[in-house]
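Per-chain numbering from 1; labels A, B, C and D assigned in written order.
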């Protein structure tokens, strides 16, 4: 199986994860994966429902977001994914959702403060807010890259819009999207009845360092 | 397969979508579809649970809401659907739900402000509130038509009642019902902790125009 | 199939409905059904998980709540069900849940105001609050009967405890429990951002009358 | 089947319960069970998704948290589980989650007050808050044991972190985790619109005593 074929297949499962963890409704979310060693990535087709997604329905684009292979039009968010792959060579996967709680913070233009140990583990900092940007050119991509470059967080809340996450792999970006919504929800609910207690920056640093270097199977 | 047979079958799947996306409980929601080229529409039977819905259980009514074909009584909301089909010839599908967050806005008689790009895409404006109206005559239908005529939004929040959505097809109306609840929920949650940032009207216009004309498969 | 055998089977499906509509966790909810023409009712066994419920696991009790047939102990709420069957001969089914939103109103000792047309249809009034009562004698049953006698609502919020609903059949009582949580949730959410608009008493009366006499299949 | 083999199998089902009752996302939660009669316990492997959990993937550790048998690394929370088993010989199962509402209380460092009869039954008191503690040594374990020793509650809210529950068996600890989230959610929602009514301490005592000694199948 070629690399592209495997990625097409992986993306079906990863889009199922978006549904499974409640991050998307209807067709409103997408995952892409960089083709390793080539200036290409694989992404969801535009406006196709999650039920109808098959490996064959996924489309391959170049790093300018132009369709290279596929029977459907690429996701309307393709330009943003392409911009991230062009500017952040370490990124192997990108996810976009309008998950409810994270998007609520984005609607207020407010970062999610780092007040949970699980958030320190995964994000190492607050989840930052990116600029308001219209679809149709590179503005969304620029906003993502400008916000996440040099930031520990793999997730950005694009103002009045939703979430973009990045990862070394598409699976890592999906994990970041799942955890982003989970901590955005928990911190929102904590804030409804008062102020969450802060975590000292030195403790955030220790948790982040440990999680990035020790957690999981070696 | 005749047009009516296909619509009966489609309506089973579309009612499943209401359940799948969490818009209804028990029997409290319904979808109808206009029979193209005839003064008829197909609609859910009254008080039948979603589990028991089959293509054969769907009923066919004329545009006065009178039963033309079917073994069950039509939905108790049939008069409202019929009124919309009579007065809005461009409408091919109508959906009614009491989805939680949208109905909460309706209980306060408050429109959902357009503060999310996904909302600008799909609704192009706030989601408006229609009048309080009792079931049993054309009052609900009149309220829907009066509110949605000339409005970009395919969804109306009927005061103290719930949501009606329209679309070129029944599937489009179901999509509008799903998106209506999604944005009503996200904006509600954003508002719980402060004020969502506004989106400039010119940006709403650009997003709406693009989404209506570019998005999805051509 | 005897009446009791049919009821045992029905109760399995009705307990599945409690799970399906999100009204219960673990083993915390129960449904019972009166055996028509006999001083008996069938009820869930105590502390048995929903997965393990079978027709055979259901137990039969007399109207004093004493076990008549069954291999398990009856639900710890059996005395309350029994009291209702003794005192309200028109009741054919009783449901008890700790469903989240309804129980939140019960924790504050606050009735759910009738501000939704769906609530006027099903409940015809506010959903009332019953007294605080300890388990172990007839106090809970007395509180249910005292609150619901002469009230349109088939649901009572027992203070600091949860919901009991009654119906002509067990299925009707389950429907009331589902609708009770649905309207408790919607009105709660409406109240989070302001005050729901009232519905005039005369309109509540009209809606209730129509729904009780016209809705559904004849 | 040896005791260890049975526990490995049981743990698969109990991790499924964490998913089923909505207590965890991705890989963020774990259940362990003491091997009766030996200084060993069985626990989830680290960073393995719930879908991939099999009896064989579970790992066996000694009471210092060192891997004794298994192909994977043990959960990163193993040291906390081990500390509890060392210090609380009556404990046969331990569960850790970041379930949303309970963790929200933990983020504010606020105990869940005992204002529901179901909470008096299961917890017999408020659900207490444990100290802030970093992962990597025995601090979390010490915080759990210090908080729960002599307390009726089988659940502790570790500050800015999440929930640990204990039980005579792993299943009892999972039940406590499910009930903890359920009551944390209900009391949170009650508090959003006012103050829950208190339950008298003497009534809490009666409910707790009855539930611990009478409920369920003998």
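Throughout what follows, a residue touches a chain if its C-beta (ideal position, glycine included) is under 8 Å from a C-beta of that chain, and two chains touch if they have at least 3 such contacts.
Not measured: the values here are computed from a predicted model.
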For this session: Go through the assembly and pull out the chains touching chain B as well as chain C.
Result: none
For this session: Find the chain most remote from chain D, comparing centres computed as mean CA coordinates.
Result: B
For this session: Between chain A and chain D, two touching copies, which fits better, same or different residues at the interface, with half of the numbers shared as the threshold?
Result: different
Exercise. Where the CA atoms of chain A average out and where those of chain C average out, how many Å apart are those spots?
Worked result: 44
Problem set entry | Gap in Å, rounded to a whole number, between the CA centres of chain D and chain C | 31
Problem set entry | Overlap residues in chain D, where contacts from two or more other chains coincide | 192
For this session: Using the contact rule from the top, write out all pairs of chains that touch.
Result: A-B, A-D, B-C, C-D
Exercise. Which residues of chain C touch chain B in their complex?
Worked result: 21, 115-118, 175, 178-179, 182, 185-187, 189-190, 192-197, 199, 203, 206-207, 210, 214-218
Exercise. Where on chain D is chain A touching in the complex?
Worked result: 25-26, 28, 45-48, 72-73, 76, 98, 100-101, 103-105, 107-110, 132, 134-136, 159-162, 188, 191-192
